[in-house]
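Below, each structure is written out as structure tokens.
In the two assemblies presented below, subunit A is common to both, partnered first by subunit B and then by subunit C.
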Partner chain A sequence: MDVYHRPETLQDALALLNGTALTVAAGCTDLFPATPAQELAGQVLDITAIAALRGIDEGADGWRLGAATTWSDILRASLPPAFDMLKQAAREVGSVQIQNAGTIAGNICNASPAADGVPPLLALDAAVELASSTGTRRLALCDFLTGVRQTALRPGEMVTAIEVPRASGAGCSRFLKLGARKYLVISIASVAVRVVAPAGRVEGAALAVGACSPVPLRLTALEQRLCGRAPDDLPDAVDDAAIAGALSPISDIRADAAYRAAAAAELLRRALGDIADGAAG
Partner chain B sequence: MKDVQFLHLVVNGAAHDIAAPPGRRLSAVLRDDLGLTGTKVGCDAGDCGACTVLIGGEPVCACLTPVAQVSGARITTVEGLADGGLQAAFLRHGAAQCGICTPGMLMAAAALLARDPRPDRPAVEDALGGVLCRCTGYGAIVAAVLDAGGDGSTAAPVPAPGAAVGASIPRLDGQAKVAGTERFGADHVPDGALLVRAIRSPHASARFAFGDLARWAAAAPGRVHVLTAADIPGENRFSTIPAFRDQPALAETHVRMRGEAVALVAGPAPLIEALDLGDFPVEWTPEAPLEDVAAARLAGAARIHSRREGNLLIEGKVRCGDAEGALKDAPVTAAAAVETSYVEHAYIEPEAGAAWMEGAVLAIRACTQAPMMDRDDTARVLGLPPERVRIVPAATGGGFGSKLDLSLQPLLGLVTLRTGQPSRMVYSRRESMASTTKRHPAKMTARAGADRAGRLTAMRFDGDFDTGAYSSWGPTVAVRVPVHASGPYRVANYHAEARAVHTNGPVSGAFRGFGVPQAAVLQETLFDDLALAAGIDRLEFRRINALRDGDRSVCGQQLFGVGIGQCLDALAEPWAVALRDAAQANAKDGALRRGVGIAACWYGCGNTALPNPSTVRVGITPAGRLRLHQGAMDIGQGANTVIAQICADALGVPVDAFELVGPDTALTPDCGKTSASRQTFITGKAALLAGSALRAGILALTNMGEDARIAPLPGALRVSDGRQSRDIALGELPVDANGYVLAAEESYDPPTAALDENGQGSPYAVYGYGAQVAEIQVDTRLGTVKVRRITAAHDVGRAINPALAKGQIEGGIAQGLGMALMEEYLPGRTDNLHDYLIPTVGDMPEIRSILIEKTDPEGPYGAKGLGEHVLIPTAPAILNAIRHATGARIGRLPALPHRVRAAIRAAPERPGGHAP
Partner chain C sequence: MNKMDSAVPGEQNVSYRQIGKPRTRIDSPGKVFGKTPYAGDYVMPNMLHAKVLRSKLPSARMTRLDVSKARDLPGVACVLTYKDLKIGTVATDIPAQTGFRRRDTDQQILVDEIVRYQGEPIALVAAESVEIAEHALSLIEVELEPVPGVYDVFEAQKPDAPKVFGDDNIVASYKVRKGDVEAGFAAAETIVENTFRTQYIEHAFLEPEVGLGWEDEQGVINIRTSTQAVETFRYIADAIGIPHSKVRIRGALVGGGFGGKCDVTVELYIALLTLKTGRPVRLGYTREDSFYGHGKRHPFIISHKTGFAKDGRITASKIDITSESGPYAFMSPYVLMYATEAGPGPYLVDNVHIDSRSVATNNMYTSAFRGFGATQACIAYEQQMDEAAKVLGMDPIELRRINLLKTGDAIATGFEVQSAVWTEECMDRAWAALGEKPKDEGAIRYGHGIAAYQQGYGRMIWLHDTAEGWVGVEMDGTVVVRSGMTDIGAGQTSSLAQIAGELLGVDMMDITVYNSDSSTTPLAGTSSATRGLYMSGNAVRNAATAVRNRLAARAAQHFGVADSDIDFADSRVFVASDREKSLPFKELIATCASEGIHRSELAIFRAPFGDWIDPETGQGQVHPDYTYGAHAVQVAVDTETGEVTILKSVGAHDVGQCVNIAAVEGQIEGGVAQGHGYALSEELIYKDGCLVTPSLSEYLCPTSMDSPRIECIILESRSGLGPFGAKGIGEPGHTPAASAVANAVADAIGARVHDFPLTPEKIARAVSATRDNG
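Coming up: the complex of A and B.
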């Protein structure tokens, strides 16, 4: 039997989740395209009436993005330049219509290799807050995403927030997406880059690539190589062969594997170049 | 079982309390429960944006919104758009063609304008980026939104009698499109209609057998009708061309393509909607499919149709002079090969319709491009005489060739005929893409030769066109391509062959150009090779060889009214400026390289050397109402307006004097199909003849001179010249069988001559011509191509409605750009609008249209067809520009970024170092 739950408190939502397999629904921008039916079937838990799950809070430890925060919410939020890449990604999620409905937790739970939101969140060292009726736990986003369309979500659990630590709110950032058309397009490759260089020398860098591996990846080796360099020198540090070695792209209808690896390297150079030029904002 | 809840909706300020499943799509609730059918459904996946509505002023896709989420929220649909200024601007700018995306566009624009009443172009593009349009090329829509704060007027005043031809009047049927009240295939639901769904093959080739259908049906919680081929009373074979009938409405024992229907289920909508068709009792025995032409042509390959040896449907040939001999002697030669993909029409309206009985007559209301063909073929399949089927075309949300073929007409007809009850059917996007026709994938090779002065001496062309599982328009493509593969040029020694070959792919049918766009991609890129080899400017090379009045085509037909020279002349200055701009931009190093390309085309209007008459009736009722029976299906291109303009001038009345009747096979004489760029020319000519005949009759009745004016009045007709005025009392005249006291009905069939065994003859009475210059920028490291500007010169003969003609050009360019850069249909893999990409508003270049009006001796007021030649030059012009920018030769369409990058890396020349 189909049952559609739309509780107004997290407590009620978690109680419903306890012991019942429910489809958690928010923006429905992935759920509806997956069905030809006119209704969401089965047992659905719609979390969009839970006010506490929507919005962005800044605290001493960092930022907390509620699970049901939409891409449009993120675009309108006042956030430091480290989040520019997340806003740039938000602007590239589908269309305005999709940005008004789609949520940040939906994007990571859908676990598409090409999810626009994931590379910037990885580059922000985001953690995922998971709640169930028995408690709450946190996983690094990179541990939450376990494969193509696979996550570490356990039965009875739901994502309640994405957290970005205070330290990761530093630096300038840039997101670049490559697709075969301008709007409404699934990435061939995407990159998110955050660079902390307060005194003309890179003190820290976070680089992530999407759509070039089963789960978007951080490029930690390259990040380390960037440290200590001047911002202007960053693009030259991107080595095609090293990037290709770190990624595991597939060939599909959008592009072939070799192209994806080369494009990722080129996008990284451009994103780093934009940051050096101060054009990242 | 469903969870139904009571919900409170506030739509356009009105409160509605409804009971609905809370997880139901808002689009379904708006349309089905509230009757607000202005919100259109194109994909049910958020890919097309046609269903855009505002929730609290913000645009969302109604198809992705569970209705529970908007309970109590402020919902605005197109029916509730407060300010008429935006809609007036849409009408004024010709922003609505077929009208199916218009409500979505209006809502997306309204949300922007509420926030920012004077947006700039990038803001408009961002706001409209989520709504796809397949007709307009977006330019007119963007212009309308930028001008929404305009004076609010809809247009210039109605032209005076005799001045309609040549006037850019807004489309006569436009008001309903911008109001959201136009009724498309899915918008009319007869009371008590059974909902119909089809069971379709998941295999490209398979035998199948049904299990216990009666038991399966009986297990459903309500009455479900199951119908199969065994229920079809007539001849279960159709094709667009009678001699090739091979396609069953429902497959009988085996399927030849994915998506082929084998059975129907019908019943009350909620029941049928909820059925799990996954357990339908059909057992498939898959067989190895023939996936491409090479496999299908292999010796010993299975025959897809038992009587078609080698899976060859038909071969077309045109031959004149001695091509091989002249190629041997030519001092300058070039050879090339091009491969193209299946291209999907991607109209935003998936096939939809309804059927009901009117006494003994089966009435079918569905989207279509060919009402009379629908009638005759549906009647044959259902074993009815044609007069017992009535086709009432719905407004059609784009067609581009695919809606020429039968789709759901015989399926709806079968259900209603067998059950006696009304029925309706709406294809899902996946179903539409999987089961309907495509553009033929082509594998083509060509060689051409020229003398040192750049004069073409010879051309050889050979192409295999994958026609898929059934014949459809394969014969037309195979015949048309050799006729057109020379391009609009003099080639004395020519030999072209094209074959339509069956595979187990989707049916390839008609798609704007019938194979000519594919051939032009090869021919026009090959001619760039020749120009470069001869050291001649690429535009100049085309001018040297362009057909002139009195020249003979490769079919030996002497041509008049040839406008290609003027098209090329008009592009000379834009070409020079574009080359200079590109050279300037390329002077600095970097990954971005500019390129300029040119391509030309021609297109024969109407059927190829076959009769294709149109008949137009115009009559005046005793009450003085003037009715124009306009049977040319308007699928957005503007026939309702253009045909009325022609008839108005012929009769000598203002264009708004007409009431338009039809197209409806019970009310309107046959105007043939909306295809082959034939309606303005052929139906237009019939309208000219009918209008003139009625005028002559009226003038004879009053003894007035040629220059007399005719004015319809209530119950009378006033005829006046400078000296006298006479009223004809209409009530005193006898009424004919159609209810008219004065009427004329005229037919026109263009004069053509059959092609002989060498393709020699006069295949068309009228040709249209065009040429386009594409200015592009290639990102050489990523292989992405941005088209910056297209300057398009098209010879349309007399432009009956210049604004509508420009609308066709912009829309054709959008489809050509898609074909060049992104569109590739892969059966079973891209049956949706996020894996199959068509251009969005952000992908379109600036378009500068130049109308060349070289009047045609045969066309009405000198008009030529234009619907197809507007698309043909775009893809080759873009490819030639990519080559100019980078040296890369693209041999496979679409030019996706990875293909372009690979071609750049394989290019022998260094970027920037090419001949102009």
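Coming up: the complex of A and C.
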């Protein structure tokens, strides 16, 4: 690598990003496996020394997760049940070593269809804060992710935070993933569900599926069908054909498309069933 | 120490002082405290770093190779291509003890024109740093013109198929003809036919291949490397064109081999670069190099047609076996022989007809892997037994019980096994250990599976296997053992210490074992083929016994008793019938030393030698002896997602005699975990010869979360040919594990997935097929 920068302030980082082509490096748990050589090419901007980028703050409008917040940080944070799915995803990102290094922004910027952090963040209606030396902008996560390994990041920009609005902090949530072994595995399918049912009836639901489309998707039609139901009736509302229609899974070495879609439907039923059990208890 | 060998299983009430005890291995402290250097830890001043350039295509003609830019790069000491080699080829045969080798199956060292598999080495670079070497690789200009290849074993056998090996792509083929199968099928009440497939498997040892070479003051090329076989020094000498006595291979403790470190890999490149540069050269494979750089486990396609009488007795067994060799021979002929011999399994079958062949393709080449073909055979015959039980409406345990070989019965090749055959006992114990099958709940269904097996240990007898070992006693009464055997993590050296210690009455911790040096330790052959303890254990036992006998004679003279009344324990020598009469061991040694009594011995152990089995009938003896046992598994299958959870996994094996029970358990547990991965998740996938699973993120070995606690039930018939009646357990612990998982899954879901691995997707599909049908 030519030059390795490790600034301590965001301002310095943004100044460096201005005009120079840099590889932003956080936990490097995606960068290293993606780099066949022994070292990263070009200039590197390591953002892990910028204290302001790490940690979770709760304000009147909602929650702000610094870009360099690690999965282990999220696991240890005190957050309402709506974030349980994010914590459950955090526990399933690789192994403990990976969770100690891997960051939430790294996960979304890597833009893998199978990124485990994305379905829970979609179901939390997360927005992405992007900054450059000329200013800051905000994009809904679903608009930030534009395709397989593609994002709306512009040259000179980096992700500084992920924001979850106050309203999305309501309800109970569950994340489930399916892989070809029990642990340390890339998802064949993953689901995140959040259900708001304060009085025994669903008032709002957010469902997202990962690894079954170029970008993890919210299932808005199904969300609407869930509204008004009793929690116990939720799993029955999941219709395999409708799910398969909404998704566009690929066939690859990990699984074929039909199996992915069927698995996603089954995981949704189970996640909703778990919520019903939790809500009942 | 009492009588050593028991002729009749279990007859003698033998008691040992060290043998069979769960002793801490002599190699453990160094490993636990991080002091043990592995081959990759060795460095030398002025050392160069090497890298290998590999073909990206599986079948191609090289039309251009220009290394001038790489050679000109500052910091590059040497770039080698086929043009720089004095001899272009290297042996792919077993480095056996006789010096004989197949001549017609050598492999090109570096591509000269034709590329036959993806990853085939094209050039070697040695440079001042790994980074420079890597950079140099990128400066090498190679043009490869694709040529049509063949990637399927059936396509490869068609007359117009591209020729990868010989003129018919057949690397080896065998036959077994015993009795009259047609008559057997005519007499059958029920005939069951199935075809089973197994996949390419990676050894995935923790420590990728690595070594360091240097030339010493005598002009000897020394190579310190991670290997199962120091005997490859001869092949390396032949390939680089110097005398055998000028290549020395020294092993180190090995971070896993499983058969994948038997063939020549980095050693040869290191030797070539060291010879050329005159400087020390280190070559360490990355994980990616390791995926592309060594032979894999053979995929097999095995079809069984089995006839059963009304009572469940097997009347005939017709088996067709095809294995995939890839483009070079390596161990394929031998692996095929093992699979052929093991074809019908541990069952008494009078009418047997087996045809087998190993077929060349442009997929990755295949070689040794724990079980050496007998494992794939077991995957087929044990699933076939369960399928047959289902068709016959019989209990799978009872069906096996009716057919199992008993002590003294003849196996498929007509050979009557002389040692104890305790399969039934092992099967019953393993099955009982599973207990009750839990009740199904929702999508979760439970299944129990069993698999019995027969696995040869030691080399095929026509390889005339021998091992040497040296034992000597120092002046202070401590003991030194020298053995060429490599220690691949199974506790090989520690067992030698235990054996010498038992015989000389010295604690194993007071014994130092020098091993794995092709020049200064007596050659003992590879640590493979479940031959380590059998061969080297016997060699060391012979050596220690000779020393013991001489010392005992001198002690008998001192005490005025018969030699047979002398015993050794706790570093003392004493009169067994009158223990008051005793001396410190070192006093006896001092006496012997001053009188010139020889305190050391170099001994040889010879396995039974014999001829090839009859090529037309496959009748005769293949192995010196066999290990028998069984494995039982309980699984929970999620019938919606197809996920399998292994809840219980129990291996029951007759190991003859445990030398170190902790090491035996270690062998079984490791082999079983590897079997779990084999059955459920591991697969190297080649698409038109290109590896699409080249890392541990696609190639899924089981994690600790995927494996339950593994239970070991160890039986001791004391009937084996190893020291103290031991049989081998290195491969056998692994052999039945995958089959048992497959049978448990089939039991749970009521359907069979015939193709390994049983991924969640295949299982979910099999479940939905049963729903559609029912």
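Rule of thumb we're sticking to: the second predicted complex is superposed on the first by the 277 of 281 C-alpha atoms of A that agree within 3 Å, B and C clash if a C-alpha of one lies under 4 Å from a C-alpha of the other, contacts with A are read in each partner's own complex, and residues count from 1 in each chain.
As a working rule, a residue touches a chain if its C-beta (ideal position, glycine included) is under 8 Å from a C-beta of that chain, and two chains touch if they have at least 3 such contacts.
Since the model is a prediction, treat every value here as computed from it, not as a measurement.
**Q** Sharing subunit A, do subunit B and subunit C clash or fit in the superposition?
**A** Clash - subunit B and subunit C, as placed by superposing on subunit A, overlap.
**Q** Tell me which partner A:Ile98 touches in the superposition: subunit B (first), subunit C (second), both or neither.
**A** Touch status of A:Ile98: first partner only.
**Q** Have a look at where A:Phe32 lands relative to subunit B and subunit C in the superposition and call it first, second, both or neither.
**A** first
**Q** For the overlaid complexes, name the partner, subunit B or subunit C, with more touching residues on subunit A.
**A** Ranking subunit B and subunit C by residues of subunit A touched puts B first.
**Q** For subunit A, what residues appear in both contact lists, the one with subunit B and the one with subunit C?
**A** 33, 36-39, 178, 180-186, 188, 253-256, 259, 262-263, 266-267
**Q** Contact residues on subunit A for subunit B in the complex?
**A** Per the stated touch rule, the residues are 1-4, 6, 25, 27-29, 32-33, 36-41, 44, 46, 48, 72, 94-98, 100-101, 178, 180-186, 188, 253-256, 258-260, 262-263, 266-267.
**Q** Looking at the complex, which residues from subunit B come into contact with subunit A?
**A** Within the complex, subunit B contacts subunit A at residues 1-3, 5, 21-25, 28, 44-47, 49, 52, 55, 58-61, 63-66, 68-69, 108, 111, 125-127, 129-132, 273, 428, 430, 781-784, 821-822, 824, 826, 829-830, 832, 834-835, 837, 839-843, 896-898, 901-902.
**Q** What does subunit C use to touch subunit A in their complex?
**A** Spelled out, the residues of subunit C in touch with subunit A are 130-131, 134, 288, 640-643, 645, 680-681, 685, 692-693, 695, 697-698, 700, 702-703, 705-706, 759-761, 764-765.
**Q** Please give the residue numbers of subunit A that touch subunit C in the complex, ascending.
**A** 33, 36-39, 178, 180-186, 188, 253-256, 259, 262-263, 266-267
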